[in-house]
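So that you can tell them apart, the chains are marked A, B, C and D in the order they are listed, and the count of residues begins at 1 in each.
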Amino acid sequence: MDKSTATVISCKEIAESIWDLRLRMAETFSGEIRPGQFVGLYPGSAARLLMRPISICGYSGGGETPVQLRLVFRAGGAGTRELAGAQAGDAMDVLGPLGNGYDLDRLAPGRVLLLGGGIGIPPLLGLTRALTERGAQVTAALGYRNGDLFLKEDFEAAGARVLIATEDGSAGVRGNVLDAVRAAQAEADVLCACGPLPMLRAIKAYAAGRPCWLSLEERMACGVGACLGCVVRTRDIDAHSRVHNARVCTEGPVFAAEDVEI
Amino acid sequence: MDKSTATVISCKEIAESIWDLRLRMAETFSGEIRPGQFVGLYPGSAARLLMRPISICGYSGGGETPVQLRLVFRAGGAGTRELAGAQAGDAMDVLGPLGNGYDLDRLAPGRVLLLGGGIGIPPLLGLTRALTERGAQVTAALGYRNGDLFLKEDFEAAGARVLIATEDGSAGVRGNVLDAVRAAQAEADVLCACGPLPMLRAIKAYAAGRPCWLSLEERMACGVGACLGCVVRTRDIDAHSRVHNARVCTEGPVFAAEDVEI
Amino acid sequence: MNEQNQRPDMSVTIAGVTFKNPVMTASGTFGSGMEYGQFVDLNRLGAVVTKGVASVPWEGNPTPRVAEVYGGMLNAIGLQNPGIDVFIERDLAFLEGYDTKVIVNVCGHTEEEYLEVVERLAGEHRVDMLEINVSCPNVKQGAIAFGTDPATLCRITERVKRVAGQPVIMKLTPNVTDIAEMARAAEAGGADAISLINTLTGMKIDVETRRFVLANRTGGLSGPAIKPVAVRMVWQASQAVKIPVIGMGGIASAEDAVEFMLAGASAVAVGAMNFHDPCLTERVVDGMEAYLVRHGIPSAAELTGAVRG
Amino acid sequence: MNEQNQRPDMSVTIAGVTFKNPVMTASGTFGSGMEYGQFVDLNRLGAVVTKGVASVPWEGNPTPRVAEVYGGMLNAIGLQNPGIDVFIERDLAFLEGYDTKVIVNVCGHTEEEYLEVVERLAGEHRVDMLEINVSCPNVKQGAIAFGTDPATLCRITERVKRVAGQPVIMKLTPNVTDIAEMARAAEAGGADAISLINTLTGMKIDVETRRFVLANRTGGLSGPAIKPVAVRMVWQASQAVKIPVIGMGGIASAEDAVEFMLAGASAVAVGAMNFHDPCLTERVVDGMEAYLVRHGIPSAAELTGAVRG
């Protein structure tokens, strides 16, 4: 892990306010990269000093060839809107890779149900690839606001069976990801979910004892476990903090659903 | 006067740390432009919110054709270094034109001696052009640190007799502008000077009763006379402030030497 | 819905004075309006708050008086002003021509000097309110004590109120341990409103020359850098008193202005950022109206204190 | 000149403890060094100042605990910490492996809790100094009173000094009317040094949701935005007392660090900007040395208070 300066390969809007950023990382961007990990992107403005945590959607290279990252994010606030303005060739400061990522050995092979809502969808793409490579049977239930189904084809190309839910019913099942899962009667040995908190809560309940991994979001300052800004309440006393709080940036962002009180 | 967004035509280093910036002004950049006036350039960094006052070195256009400005400045601190990084096509926010400028009717025709030291040289170039056009006989005594004689040819092309002084003696007279003037026994009916404070003090003394105009610098915040940040001590009670202080940005930057206590 | 098609009501009323909108200028950053008249239509502002005026002309501090810092600036103008006579003749006469409220900011070295100015203004119909600057960090002879001691603040408020011909706003300094206590002291003294924050005392040293950047050594910090402190203090002060609060400190956009209103301000003032964008005040008016429309809020006054737990 | 060819002496001595250079980490922004060990060589730092530790584990505040603001951030961590036992076993043991000074930052809800931690650490040889955080704005039960009332500050300093096994630094809050008075109170209580500034209390409201951004509503402002206030207070405090001052607040570069030294600090700490640049502390060490070389100043200690009128 390091803070290093990457080079922007491209940055394109792939759906309304959803941007697909490709970066060529500096050589010092090192360490194993695992699906579920994230990076911190620093907006250039001197008014905005904290990094924006963005999950790794895809990656390639490593070893001899430079690492390339694919990051898909919503330009919502001022910082991400600034990042969305990146042009090919621009320099961008990146901290990472950060966080624990998914423990693939505990997921594959087997029937894995991935559930992604909105901007929670991108992190599951890298996971899909890694899982299908390891022979897992992946169903990806993707929940969108409307028919603007960003990344859907990427999930199919990565070998997942894709279920779609849209809030406005313009594609797939009208409703949320669980409605799509129920409609398809999709079965699974293990669940992995990423998305808004109410969705994660519903999925935790739905998992009903099956192994279920949740990728959480929290406001971050350092991204490396030092500031204790980004904690989530835990069921048990956390080994590091010695209180009922785990750091999302370090112990997470991926947690076993039963371990966290969300 | 207005704050408007100009387009950078070019920005080139013409001597060590001395940059020549050409701007195409927005249509709303309006009003008569006079030699001795200045503009406020806003660095883009959100950490730096105040404009940098830079004198107008040259200008063209107006009326039907868009105004173009030439600004020559030293990239000394962080803000001017940032401005020096401007690329052709970039947008740059500009406030102006600001200040009083020279009253040409009180200078031309006649024998005018212009004295510029260092980064005080550029504002005198526009003045030279305006004066020679009006039939004045212009001698420009230019003081440089070393043989890097930026703008010298521009003064010659504008019709001035040019006297050179360098601190290290590598060109012209070794010493300051007054040494060059004395060496050349240059005579004048009126003097105009721009440069560091010790130089202006010496020139005020040298003028010895002849009309002498000084272009002053002071730290500025608003640039339009509102904040009272940029005052210079005056001999008489100032008509606006009603104390012995005049605003450099509004009553100046050009003052009659006898009116200011420097 | 019909209501949403109507333009929101931007007006606010403070101490019986109705402002066409809650956007004012922060004292000392806008002259008497004259200098910014070429950038904004003064008729569109809620009020012009003038530069502090004293009983006689003040020279102010030596230069350099201003310095740039990260996300803001320092100033040590030292309250240079032409004195109340010229102010009335020239600045007040100028403002006569505009359809906006006028709030005159008053300063003094002593309580008597404040009272002299307040008395002189009592009969001036063009003055809608007074703002008493008891908080300028650049005046050494006593003024800072007014602003940081509750008992003194209460007393000067009472004395000003006794002679004032207009409603009185006490302007508070943020350089105190407990802003709520200061707000209560002003209220106890009979203030009709309070405004805050004035500048935080700061300093800059040039590491190359190893000298203080300001001739006065310390100066008042203003601009976006101070906004979180200002919002907190406006919230604490507005929780502590019943009189209206005018909020300021780093406002750079309509959203910033809304933030101050939500924290408890009944009106806001735009200060140092006028220097960055001379048209800012008018943009804040437009942006606040657009915010109200976007959120379906019928009137600006409803924003006051509307932050939710 | 021969002197200028030699490398400057970067060491500074505070209360008998010699630091290899004046660059420390600000408490709470660097964990116990562990998390930043991958970015900087801890052996190159003057000292690691640890996150505040209490007698028992603290949960801290609910989230959101951090928010970004213009040129800085707000935090309301609420002093979450694993308690002194785990701290000694794990964090102190980790630091055993490094050749840098260790300053342990201590917090408590009551004076007794502070004393308990100080006593527990008295025999720990790995602890070089204590920093007593009497200024955390996020602890409601009393801690803020310690930091803002001179008499209480003096008393707790005396009590800590009585049981402390190491020299004691009192860390001051900037949220006071008169920082010089607080500095003198710490000195009167027997403090070996003071450090400042802790965070300025601030607030942020999300204008779209109309809610407080921090669960705690208020939080501590840090980062470049507060630097001018911090430099001013370091200057005022160092003028007021004879004990050494450790300066902090918004340091983002070696030049910023030098500015604090010139204002009167004997050492400096890098805080929130570690989050922006995790290698910052080491860069500040290098940059300060380069500054000394460039200016022909033989030792870092000579910078202390060297600002010229």
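Heads up, the rule we're going with is that a residue touches a chain if its C-beta (ideal position, glycine included) is under 8 Å from a C-beta of that chain, and two chains touch if they have at least 3 such contacts.
Because the structure is predicted, anything quoted here is derived from the model rather than measured.
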item: Partner chains shared by chain B and chain C (touch criterion as defined above); value: A, D
item: Greatest separation from chain D - chain, by CA centre; value: B
item: More contacts between chains, A-B or B-D; value: A-B
item: Approximate Å spacing (C-alpha centroids) for the pair chain A, chain C; value: 46
item: Geometric centre distance via CA averages, chain D-chain C, whole Å; value: 34
item: Length of the line joining the C-alpha centres of chain A and chain B, rounded to whole Å; value: 56
item: Two or more partner chains touched - positions in chain D; value: 70-72, 224
item: Residues of chain A touching at least two other chains; value: 46-48
item: Chain contact topology (line, ring, star, complete or other); value: complete
item: Contact set on chain D toward chain A in their complex; value: 28-31, 35-36, 38-39, 51, 57-60, 63-68, 70-73, 75, 77, 80, 82-83, 86, 223-224, 272-279
item: Residue ranges of chain A in contact with chain B within the complex; value: 45-48
item: Contacting residues of chain C [partner chain A, same complex]; value: 70-71, 224
item: Chain C to chain D touching residues, read off their complex; value: 69-72, 74, 148, 175-178, 200-205, 207, 210-212, 218, 221, 224-229, 231-232, 235, 250, 252, 255, 258-259, 262-263, 291, 306-309
item: Partner chain C, residues of chain B touching it in the complex; value: 1-3, 42, 46-51, 79, 95, 218-232, 240-245, 250
